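Can you read through this structure? Questions will come right after.
Chain lettering (A, B, C, D, E and F) follows the sequence in which the chains are written, and residue indices restart at 1 in each chain.
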Amino acid sequence: MPQTYTYEHYTVTFPKDGVAVMEINRPGALNAFTGDMIVTMGRVFDQLATDSDCRVIILTGAGDKAFTAGLDIKQTNLGGSAASVDPARKMISELRPMLLSFQNAVTRAEKCLKPIISVLHGYSFGMAIDISTATDIRICTEDVKLSVKEVDIGLAADVGSLSRLVKVVGSMSWVKDICYSARIFGAEEALKNGLVSAVFKDKKEALEGAMKMAELIASKSPVAVQSSKEILNYSVDHSVEDGLRYTAAWNPGALQTIDIPAAVKGSLTRTKPRFEKL
Amino acid sequence: MPQTYTYEHYTVTFPKDGVAVMEINRPGALNAFTGDMIVTMGRVFDQLATDSDCRVIILTGAGDKAFTAGLDIKQTNLGGSAASVDPARKMISELRPMLLSFQNAVTRAEKCLKPIISVLHGYSFGMAIDISTATDIRICTEDVKLSVKEVDIGLAADVGSLSRLVKVVGSMSWVKDICYSARIFGAEEALKNGLVSAVFKDKKEALEGAMKMAELIASKSPVAVQSSKEILNYSVDHSVEDGLRYTAAWNPGALQTIDIPAAVKGSLTRTKPRFEKL
Amino acid sequence: MPQTYTYEHYTVTFPKDGVAVMEINRPGALNAFTGDMIVTMGRVFDQLATDSDCRVIILTGAGDKAFTAGLDIKQTNLGGSAASVDPARKMISELRPMLLSFQNAVTRAEKCLKPIISVLHGYSFGMAIDISTATDIRICTEDVKLSVKEVDIGLAADVGSLSRLVKVVGSMSWVKDICYSARIFGAEEALKNGLVSAVFKDKKEALEGAMKMAELIASKSPVAVQSSKEILNYSVDHSVEDGLRYTAAWNPGALQTIDIPAAVKGSLTRTKPRFEKL
Amino acid sequence: MPQTYTYEHYTVTFPKDGVAVMEINRPGALNAFTGDMIVTMGRVFDQLATDSDCRVIILTGAGDKAFTAGLDIKQTNLGGSAASVDPARKMISELRPMLLSFQNAVTRAEKCLKPIISVLHGYSFGMAIDISTATDIRICTEDVKLSVKEVDIGLAADVGSLSRLVKVVGSMSWVKDICYSARIFGAEEALKNGLVSAVFKDKKEALEGAMKMAELIASKSPVAVQSSKEILNYSVDHSVEDGLRYTAAWNPGALQTIDIPAAVKGSLTRTKPRFEKL
Amino acid sequence: MPQTYTYEHYTVTFPKDGVAVMEINRPGALNAFTGDMIVTMGRVFDQLATDSDCRVIILTGAGDKAFTAGLDIKQTNLGGSAASVDPARKMISELRPMLLSFQNAVTRAEKCLKPIISVLHGYSFGMAIDISTATDIRICTEDVKLSVKEVDIGLAADVGSLSRLVKVVGSMSWVKDICYSARIFGAEEALKNGLVSAVFKDKKEALEGAMKMAELIASKSPVAVQSSKEILNYSVDHSVEDGLRYTAAWNPGALQTIDIPAAVKGSLTRTKPRFEKL
Amino acid sequence: MPQTYTYEHYTVTFPKDGVAVMEINRPGALNAFTGDMIVTMGRVFDQLATDSDCRVIILTGAGDKAFTAGLDIKQTNLGGSAASVDPARKMISELRPMLLSFQNAVTRAEKCLKPIISVLHGYSFGMAIDISTATDIRICTEDVKLSVKEVDIGLAADVGSLSRLVKVVGSMSWVKDICYSARIFGAEEALKNGLVSAVFKDKKEALEGAMKMAELIASKSPVAVQSSKEILNYSVDHSVEDGLRYTAAWNPGALQTIDIPAAVKGSLTRTKPRFEKL
């Protein structure tokens, strides 16, 4: 039975078989995030992770103007409440738990074994980088305005941008330039430095491009695709030797799948196999 | 006394002083790999590693059509034999040992201290990525057809592609795109994303380019070159601090080489030194 | 009270508020480094690290010809003194301590929490790569001549180039090509592979570009900028999970800064806040 | 306002100021765990973690016979449901998620910054080791019967015992002996090998001993105690150098606590300070 | 069909079902190792690893006098041949490959998934520590004479003792004492510090003790036992978090074993199950 | 020419050939440490590290009453000066640099390649644990009063105790007990848990015991001993595989020492070789 998704600020639809589109939906505020919205986002990823109808996720922002303008600084108490007067108590019992809960919500995108494609358009500031770097594939529109914005509000990005940019992009000189300056950069620069892997004319074309990519991936063996995501994510954070060892722990189970004989047969007979849900 | 190389599916020649050309040689099957061929490949790398006549290795595929079309799926039992009925026994005593032996064979390229240049042309699928990412330098022809093909036969690439692509290429968005989709991509895309560092018109020119590069490297101090390979490979997998510490364990022995005074003298007198075999 | 900087081969000036320009100053020898100069360089970085007038550092080489031609091989005894006859004693008590002291001096650039922008021009060989890869941002002139030169004098680069290039650049194929061959490459190649993030016409324009970038960064909250540097440097060397955990240890203290309310207020009122020294 | 704890199989009481006693409460089944009980346990730890009335936790099992007899094998489907016929699908979508949720529940004990003292008595099999090795301090009764029991039901312990025993106990020879043989061992052996740090005559005395220890710890600065737990847990899993670096990220915030002047004053005046809740 | 073991210096017998006894057999030289013997030892471990008749291995030394007196220094050229005059060439092409081949042979004991019990008696110097610390369980006789002997012949132990002692023993103070002094210590000290987990009167009783332990382990599910060895060995070298993640990659395959229902049934019916070969 | 050691609070003598005794010398204050004293201690270790007359170091405290009573809390501003009012600025520019400088001073004991034996007597609180866990071997007197005292003054130990105790001692349960409670424990408990490896009647006998141990170590090849220290310290913080790889980088240089033929000859002729200074 299909699952239902009822969230105030997230819309989840399945326009194509196996492809979920998850929309950040607070367009009146340029999809800016409150603290609650961040925590809820993790729950949406968790639900999609266990929804067998979902094989690939497209992540987008509602409206024409923004993927997200970032954290809603009017509604978030970045420096903690005034109530606690001891800096150490504020640190340990208020700010750190809040931070960990935000980080955890974003990390759910990484833990979800289904590939996630972020479609960045318009204002894509702060949280836009935090979230999209935790997803698998980033594409954008020509008009995108990207920024690691946190320095401009007096803090180091702490929901993942700094820890993930150094892994998803090759040029450290560029990463540090954009992180220290909080300057706005566009599609061309993002593509040149590998932050995104494709640029489309506008949001409509970008979503079409994402859908095409998603359908292609959704047509593959989900055992193969999800195993690939887990092994890639493990490998980024470990030595080559450890990556191989982890693969040799994972795949001897996964290789016993019925998808391999089906795929091999399809390959030899040049017919397209259909793979069961996972 | 020069070593001899007698392998059914590998040809090894020394067209230039210090430069070995190792050819994957099963052109009738687009150089596709059987399991035995993979294991044997590790032995060829091991022999070259200890052959003092060899300073640099060029790795290529026989024929015009392919570096390699990948695993020969007709001759490899990817999911294990039907004999074992317990999934755990099949996993531990059959599939994992097979996988470890394949991984180990490919890793011999990395353990060999002599630089290896992969020349990719034509079909370069699956194993082509597994193997070439374990070598040092990748160049290709304009007509190359590259693919991380494994998802198309129902499995996550497990002989190294996933664990090494994340280290040799900067853009994670692109790596995940090609790994999840198994789509075929060409020279331009490989160059733009840094998977290869040069593109040549055709196989002939690519081999000439590789040879030029190989001769240049072979003319340098082998102590310096091989120490560089070991330190680079260690550094990719460790923190900067650990990389420096490892260098400080290795180089105080290597710096006592007779090559340094020879090289310094050559540099000051603008004459080209000749370095002894290693 | 402003600090004074008195070093034979380093000039430190503060042409703009918060921006230090540190010049390697031995132009008669193409700014080549003696062993003493390397060790002293670490002390300059340490002094700048604790100088509250300094928020950003621009690192450049005196004169028109070179950032630095590298190690002064006439004045450095690379292979150790002839005095010690036991290779093990030479290794442990002479070469390793020398190497560690050189590495430590370069690493001071990384440990200094203020962002450092390297402006590479003319000859930028050997030590130029060692040092600039330990800084945050690299830009260069069109005429720059870059080379990981160490192989040409018979050794593996051991003051950091090998351990840091694999972290700051995405394409391993290119890194190994330049490290094994010691070949000279130019601005375009450096930009394409992400070693530098911008190219300027000549040294004058590059310094102006660096200054503009430095002033922008210096105008931001130093708490935010310096926290970002520390978290980025930690993250490059650790898993994403560890990066997040470290951020969650660091930021709950840093988020209590008075800069955040000032920055938020500035952002909401569209006025530019001024941040206190750190 | 004090929190309430309403769980079917866990009783939480606060017999002394700051000291929570958490009891595994299913004595009719020797406190054996169903899958639901494991997941719920994580929620109890999470609630205690954020309950400012709680400074130290004592973990015990209800009744005289057992801390816990381990997993309730009649109510847990260890090998997964028969429904899924593809070994790979069963692995990825059923067994791994179940395993991760169990592991996560146990890890909540480690993530909770309040020290946890496990009091082991009677049957303490399987899950007893998984859970207690995730807590901080282990004490036991003279009659305790300990066993890493999992091998006896055909599996490798996978909820933490194997990964944590190698960290909390010094002798690997002994760890492997008890893990491979699943043999039952007693208090003396546990004490000799450092698995527990104290042995008491019976459950009553052990709980009194735990209470004394807990009250002592609860009387200290919670900033100091909780910072110590976090730094110790980080340090076990990282190099000394990383441990120091993490400490230097954490403590500069925590050192600004009002507890230090209070403690120092208490120390100098030989009066006992009282520390605020955290 | 049972395998045969024909090695000059190793005897392999199967006195009990599933239990192999591997004897180092050069009693005329106190079982001292030549270089060839070390390399061969790795092959014996590899053969046992794939011999399905073998579930547990007991490692012992022939004769009454010694497990092994260590390296045969008369027959091993520790410092390399005189032929090579360049210290760097001797280092890279002669000493390091020799060292790696010795290390690899010893590591085969660790890679073999079957538990190995070392029975140490009489002279157990140098290589005795290198090898036995790579095995799982160490027991000894009352008369054992143990020594990390390498310092006495002018070198740091390099075949594994130093890297493994710090993992298998808890007290670093004691490890450094025995490593720096090369002093001979006995059974009591080895037991107290956890290097061995049991002491027996003499070799006969120790072998009987080992046999009893081996038979017990051999009677358990080999899926459970071998999975435990792999997960323990991984966990020693990784963080708890990584250990859990690796377990969650391995076990979802292994949990599908037919041994679990058999074991559970045996447990519930109090009958002893018999587990198939692996 | 022998070096001279002139420090206000450290006395360095050479009572035996190759053995330095370094005494913490502020007996009027129970050898309590001011901040300056900590920083200076690092310089003493650095001087001894490069003093070829020194092969082994014995570290002790002046007077009968204490190794050290710990930090002199009257003279150290643990929470930072009142001057800085921004918690983030106090954290980044005052407390963290102070902490790093203290940590670095203690770490110099670890970086010094000469073995250091700590002789703990009387009050051995706080810094006593920080420092002695950074040395190699710990012995104590029967009257020693040990305590990880920091929690009692409101902070987590941050100069190394927490990060090193988890490495030098096997029982985590005990480590957490002493760290959370700050309770005083004695020689027996320290010995049982492996924190010290020997206990002597009083300071006189402990120093004699240390001297005997030091002379034994000083009589060995310093190449072998110092290589062992470096490899052990590396191995504690890395995987076994990395430990072996590091050894294989270090030893091929060190094995070329003249000490090996001297030691082998001595061993075969049963004469005691004399090894040159390093």
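Rule of thumb we're sticking to: a residue touches a chain if its C-beta (ideal position, glycine included) is under 8 Å from a C-beta of that chain, and two chains touch if they have at least 3 such contacts.
Values in this document were obtained by computation on a predicted structure and should not be read as measured data.
Common neighbours of chain D and chain F under the contact rule above are C, E.
Chain geometry summary: the mean Cα position of chain B and that of chain D are 47 Å apart.
Rounded to a whole number, the gap between the C-alpha centres of chain E and chain F is 32 angstrom.
For this pair, chain C with chain D, the centres built from the Cα atoms lie 46 Å apart.
The set of chain C residues that touch two or more partner chains comprises 87, 91-92, 167, 169-171, 193-194, 223, 227, 230, 236, 238, 241, 249-250, 252-257, 259. Pairs of chains meeting the touch criterion are A-B, A-C, A-D, A-E, B-C, B-E, B-F, C-D, C-F, D-E, D-F, E-F. Within the complex, the chain A residues that touch chain D are 50, 52, 85-89, 91-93, 97, 113, 223, 226-227, 253-259, 276, 278.
Residues of chain E that touch chain A in their complex: 230, 234, 238, 242, 245-246, 249-250, 252-254, 256.
Touching chain B in their complex are the following residues of chain C: 73-74, 78-80, 87, 90-92, 95-96, 99-100, 103, 107, 110, 150-158, 160, 162-167, 169-177, 179-183, 193-194, 236-238. The residues of chain C lying in touch with chain A in their complex are 115, 136-139, 167-171, 193-198, 213, 216-217, 220-221, 223-225, 227-232, 235-236, 239-241, 243-244, 247-257, 259-264, 267-268, 275.
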